[in-house]
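Attaching a single structure in structure tokens format; questions to follow.
Here the chain labels run A, B, C and D in written order, and each chain numbers its own residues starting at 1.
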Amino acid sequence: MYRSRLGKNLDKRTLDYVSSISDDSEILQYDIVGSQAHTIMLYENKILNRAEAKKILYALDRLKKEKLDTGSAEDIHELIESQLIKKIGADVGGKMHTARSRNDQVALDIRMKIRDDINTICTCILDLISTLLTQAAKHKTTAMPLYTHLQQAQIGTFSHYLLSYVDVLFRDFERLSAAYGRVNLSPLGAGPAGGTSLPINRNSTAKLLGFSGIVENSIDATGSRDVVAEYAGSIAILMTNLSRIAEDLIIWSTSEFSFVELSDQFSSPSSVMPQKKNPDILELTRGKSAHAIGNLVAILSNLKGLMSGYGRDLQEIKPPVFSSSKIAIAAPVVLSSMFATLKVNGQKMREAADSGYLSALDIAELLVNEGMPFREAHRIVGSLVQMAHHSKKSLKKLTAGEIGSVAKQVDPNKILKIISSVSAGSSLKNRTSLGSAGFSEQKRMIADRRTKISQYQKILARRTARVSGAIQDLYEKTRVIK
Amino acid sequence: MYRSRLGKNLDKRTLDYVSSISDDSEILQYDIVGSQAHTIMLYENKILNRAEAKKILYALDRLKKEKLDTGSAEDIHELIESQLIKKIGADVGGKMHTARSRNDQVALDIRMKIRDDINTICTCILDLISTLLTQAAKHKTTAMPLYTHLQQAQIGTFSHYLLSYVDVLFRDFERLSAAYGRVNLSPLGAGPAGGTSLPINRNSTAKLLGFSGIVENSIDATGSRDVVAEYAGSIAILMTNLSRIAEDLIIWSTSEFSFVELSDQFSSPSSVMPQKKNPDILELTRGKSAHAIGNLVAILSNLKGLMSGYGRDLQEIKPPVFSSSKIAIAAPVVLSSMFATLKVNGQKMREAADSGYLSALDIAELLVNEGMPFREAHRIVGSLVQMAHHSKKSLKKLTAGEIGSVAKQVDPNKILKIISSVSAGSSLKNRTSLGSAGFSEQKRMIADRRTKISQYQKILARRTARVSGAIQDLYEKTRVIK
Amino acid sequence: MYRSRLGKNLDKRTLDYVSSISDDSEILQYDIVGSQAHTIMLYENKILNRAEAKKILYALDRLKKEKLDTGSAEDIHELIESQLIKKIGADVGGKMHTARSRNDQVALDIRMKIRDDINTICTCILDLISTLLTQAAKHKTTAMPLYTHLQQAQIGTFSHYLLSYVDVLFRDFERLSAAYGRVNLSPLGAGPAGGTSLPINRNSTAKLLGFSGIVENSIDATGSRDVVAEYAGSIAILMTNLSRIAEDLIIWSTSEFSFVELSDQFSSPSSVMPQKKNPDILELTRGKSAHAIGNLVAILSNLKGLMSGYGRDLQEIKPPVFSSSKIAIAAPVVLSSMFATLKVNGQKMREAADSGYLSALDIAELLVNEGMPFREAHRIVGSLVQMAHHSKKSLKKLTAGEIGSVAKQVDPNKILKIISSVSAGSSLKNRTSLGSAGFSEQKRMIADRRTKISQYQKILARRTARVSGAIQDLYEKTRVIK
Amino acid sequence: MYRSRLGKNLDKRTLDYVSSISDDSEILQYDIVGSQAHTIMLYENKILNRAEAKKILYALDRLKKEKLDTGSAEDIHELIESQLIKKIGADVGGKMHTARSRNDQVALDIRMKIRDDINTICTCILDLISTLLTQAAKHKTTAMPLYTHLQQAQIGTFSHYLLSYVDVLFRDFERLSAAYGRVNLSPLGAGPAGGTSLPINRNSTAKLLGFSGIVENSIDATGSRDVVAEYAGSIAILMTNLSRIAEDLIIWSTSEFSFVELSDQFSSPSSVMPQKKNPDILELTRGKSAHAIGNLVAILSNLKGLMSGYGRDLQEIKPPVFSSSKIAIAAPVVLSSMFATLKVNGQKMREAADSGYLSALDIAELLVNEGMPFREAHRIVGSLVQMAHHSKKSLKKLTAGEIGSVAKQVDPNKILKIISSVSAGSSLKNRTSLGSAGFSEQKRMIADRRTKISQYQKILARRTARVSGAIQDLYEKTRVIK
């Protein structure tokens, strides 16, 4: 349709190469709504008369409900305009594209889609946090080892892990919300690169579409995609965080750990090994996080080194960003259901917490309380652990003589007494430092995060309502003009 | 179907999350052919009897032609087995999966697909090389500037650029061929992880499917994807190479350079600027190369840190590798057509070659011939260029006095004579070093690459014939047993 | 020093492999300051007595000024503690590490470093913006073509490009500032994974070090690096933005465009071609942006799939993040100096703006003003451009007859009149849409951004002062205790 | 030194930005050797006389042994030339750079370095394979579970894992060797972009430096870096493979698995938890693999979209490729020592192999042997496992009645008999399929790989000798001329 200056049509294979039509289904509805807002603005600024506006708006409304035959269209914008012209003729239909370019139009569509996607993802994140808090409340006294280097490190609580997930996810929410502020601006009216001489009102279309403002500079509005990269980056980070949660659970659900068991509806069988119960959704979460990283790279290395202003390279940014959206919406939902139905084997966790030498740091700190320099306490307890490990017994089974052989300047019986006084329960009762894994902090943090989540829910509800309210008003206007 | 041990079905949303069925359309045909080979092998080794083999083979043949309803299948393997059982009952249909697992099966399908894709891409690369050689032959005396840092550097020929593309693409062909050697091995019969106690013959299925051997170790065969990463890496490099070619042409087709003009059927118009003729396919080639880099990252960061053996994470490798295949098949085809129809503006190129100070190095080398140290020649000519640039004239317009002011130890008239003797034509005639941009080397290299391409075409034809021959034989066997 | 439990020392090669000592020079000073704050807190909470605190603080102060022999230390934390013990003995020196782990310590050091780096980068960004605004003010009426697809698109102004850079950079500032909020929290006191039973005060160390709060959950505080990824992501985006600016200038400084000329002190010569003047710093900016993308990938694919809590993998995050900091500090500084000394060839820009068919959209919009549907105006002007292009003349040279042959329903003379009325100046005067390239918008936007930059400078100054004030107070306290 | 045309020097900060001098220490020696070869060729082709060649060669020899003051040099090439001129004057020293450019020179240096690095890495890979084979020979009957999805899958042997590593590493060797073939070609003599008019002999320098040929096309020779990307890609794949090995061992060395224990000299302690023994070198291997992926991305996204020919962006490829070399040389060495000293807990492995339901597939296959369709056998054994799991007993403890409730058409006693006949030993004896985990295959494969490694060692030795022989000859020539 736009090929007036060019003599020949694209050959078939080239059309496939350049066409974005299959990806564009993701932005079809946004494109139509954007065109409706543009039409109303053109009418309100007397660039279209009422009859023209009415005809266009009505035809766009019908297109919304139709299944479009993509034919040889290169993209969704051309397709809609040509369908419109088919319906109402070139005399009126040919006016819709006044003071607008595909460059500002596609920038608009992407922003509208990402805006909605951010709100959806944020909802899913808060749902997951909510499930995690419910589980944490159930397990705030469930003792288990805390791991560093995948080795048992300190005694802790299962809720402490869950709360660490909660805090990470709050940051993901915040990052996406910060990106939202930069996404929720309208590029419409920027034209192809340098604006227009026609008397449009950019703030008006922005308001009609529920944006909080405009991307002012027209080169910036049409050619920049840094906010898309920021969004894809936030998702890559979110997925990386979820991938770490998945890793914990994959390890804890091995037969060897047996700390947790996924419910059957979140497990997969083997096609040949009848005994298998595989944590496939967790592995896929890891795999999808790799996908999200790849998507981010596709976007960043696309943008790197492009000249300013729109270039067709930017079209290739759509598939990765749409893919990342899809991943980031699904993952928290699935993980939330998985956590809600997770069987937690508190007994196994407790056994692991009691065995081994997990209380070593607690013992060393009790020695510090007795005035011993920490580094010396560390040395002594380290030697005792080595001794116990070699003779395959627990610390509590060491004799005063054995203890005396490494702790020359202290009364070995004192150490013996300290060792025997320590248990998972006593450690977690004494562990009171802010944010620690101890019992009291679990309780406090759960209550605190419950308050936080309800605040975040309100912020999100308000943000979402502002967009949906504007779109609702736009429909009303459409009906009134018609 | 495989959920005997697991009590409940996956919930709907989880099924969507874990399902690979939409990506699996790419490997459907390979999966069926692989199952046919497996069935014949089971029959030949008496694990199935003739009647059973016949039934299974016949049903698989029918499935090939049907449009399958994916229903609630998690993947293509489950879908095909369940469809088979529906057709011929569990008594016989339930035997097809004997001595096989989805783990070796999906590894097989991916290798069969990549094997075909490599041959297709190699064909397309040779076609593109062939087009480039044809154009090079036309332009072996078309003088133009060679650029470094996007600044005019030395006088050269258009064919020299085209031949540099040819040589890069030959390496891409070689890299893909090297990967082919590692891909073209059968993992079938490795079972889920550790092989089988049933008397299968792995070499037999490998031969039936046209592989040159097997991936022996069963953990390796089912769990490794390094050859997939290698393939995706070869494509990322190929696309990066094509992206650089695209960049050259994008710059040369600006109004400011005007060295080349894309034919209309490979250009795109603007939706608003009637005068525009955009090199969209070149920009998309750049964009798709970013996509190919992202796909590689998705694969590598997926694999990184996985335990050995099959994990469901590996499923997420399929979409990026299929995407890379698609990109790498299309790009050389489109670029080949584009080059075949490219208008080359030899006059503009020549004007650029003649203007400026492009002959500076040639002049310096002539001074070296006179015995001057190169560094001194470089300094003198550099100063002359600066002088000429400041007084906005060409080197040939410099006076003996001006020359004398910077070249104290030489006769300025000698330099003057050298300067006036130099032209684009003389430079390119004198430039005879191996692989240089001079006229004689262009001729020699074109002839040489023509020989090379025909050798490569033969290698490729032989490789392709071996696979298609085996598949043909397999069909014959299928018919005979039936 | 910590190897009490382990019998043998690391072999030499392994030590090299695990050691981070060479990267740790970047965080040495932060580590010492952090230890001072920790010591003061231990003293204030009666875990150390005054004499002990005094000794440790004094020794740390001396270490700050010494060149440390890294010897066989695995990392900076071990090195400093062992040096301290060497100086003041194990009795007192061995107490510094009380209630602290390398895990919370290294998390602290990284956050202190990134915090400072963000403030430095933000300062450099504002300096660059300031230079761009100064240049924009000089060139707000310098007409030039705006490019899309690297093809001339619309008439615009040089300042419009510069202002588009300004707006992008403001977003980079905002992104880094948002990351700052998540970085500027203290992890100290989280211990190795689960906190401590000793009566520490985490808020106190946080305040002493100028943090705005703490990272509460101890697993999160020690094991998460999402804020590091966010920081590295913000830099990758910043560098990608700078890379696009570099690309514009590289193209504009070709002989073929000749729009700008880099001053000599920002250009590089050729070692052999005396005439060359290469825009190396711009190319390096592109190259460094690729490096920043690679650094981000190194971080994200490191984190992906790690279990929760500290793992040694996290050590490998330091080199890429330090590298990204270095890049992001240098690039805006160099670009700012380059822009400040850039020679702008307004005449060349104007010539390009006047030649070609750049006014096509302006003409089409004037036809729209006459009531013609935009799509029809687009078609007519497109055909006229094609006609003019084929007969190698400008639009103004078309005859009424020629015009009439493509515009059947309009008076060709009317079109002729419109065409001849259009000039670069008239277009830029009429282009008044918000954020457009027209004259009036340039003036308005420059004034507006000047206000904005001074606001941002204030925010940054306040943020920086808060940190340096706290560190100053800490030094005072150190002196008082001593 | 080269700035004849440019008026001013780079300012200090800009010099830091553009300078590659700190990275260039990696190629210093190669640059000097390359210059010696170039000088000999210039002499042999009468471009230099004997006295000149002698002076230059002698001075270069001295430079090799000196510690160079980098001063304000932008790069190593400029530094060496200027030092040479300082030593022997511009009259002679100024001739060394005749018929050469920094563009072909740096391409040469990188190829020489990568060539050596590939040979070193290949040596380290073969050493690691050798260690793995030694361990495999020790553990070819050590039964343990094979894992898929990190869940116990089939009974296998420890050697089977080790052999899977061996086979993966052979492919890494092959990939690097394939890259070697494309790297081991000389770009010298290509000049800046288009060759030279001086009568050089490119094949002669190639031979002097031990290359197997030249990179012919001069644009290709100076501007392409696809072989560098290929090399970095091979390393990223190698490291990803090593990372998976590291993951296996990290999991197996948890207290919960306790299959292996790293010897003390390959473990790291905790700074606070005295009982810890952390597998840091394995975690760092994972972390360094992320680094290698990041390096690859830095290279690919650097190259993507560059114009043909040399651009300064290419300088930024050096740091990531040097970093990747360093990683890839160290990792196999450290892992080899780690494997050589690894304590394998065969008893723990056997316990895990005997517990659980690992024999399920073996039982199902025995049912298949009795004529039951595999899918039915899979269903029955799956139900038996579920039943046993719920009543917390082993399969062998199931009663005929229980078995009969799920296996209606078979004699339950027959199944009972089959179940009780199965043990880890019987399974591994019966598992004879090619490449399976069974005993006989372990023995065969170890012998086979021993043959393979000695072949590869010969290939590598020959390749290495060819280079070192040529360099030796070059030194001889240098001495003769002198």
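Keep this in mind: a residue touches a chain if its C-beta (ideal position, glycine included) is under 8 Å from a C-beta of that chain, and two chains touch if they have at least 3 such contacts.
Here the structure is a predicted model, which means the values were calculated and not measured.
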Those chains which touch subunit D and also touch subunit A: B, C
Of C-D and A-C, whichever chain pair has more C-beta contact pairs: A-C
Interface residue overlap between copies subunit A and subunit B, same or different (over half shared): same
Interchain centroid distance [CA atoms averaged], subunit A/subunit C, Å: 23
For subunit C paired with subunit D, centre-to-centre distance based on mean C-alpha positions, whole Å: 33
Interface hub residues of subunit C, defined as touching at least two other chains: 2, 4-7, 97, 148-150, 153-154, 191-192, 251, 269-278, 280, 283, 286, 290, 293, 296-297, 300-301, 304-306, 311-312, 361, 374, 378-383, 385
List of subunit C residues in touch with subunit D within their complex: 2-11, 13-14, 16-18, 74, 77-78, 97, 100-102, 191-192, 263-278, 280-281, 283-284, 286-288, 290-291, 293-299, 301-302, 311-317, 319-320, 330-331, 333-334, 337-338
Residues of subunit D that touch subunit A when the two form their complex: 148-154, 250-251, 254-257, 269-280, 283, 297, 300-301, 304-306, 352, 355-358, 360-361, 364, 374, 378-385
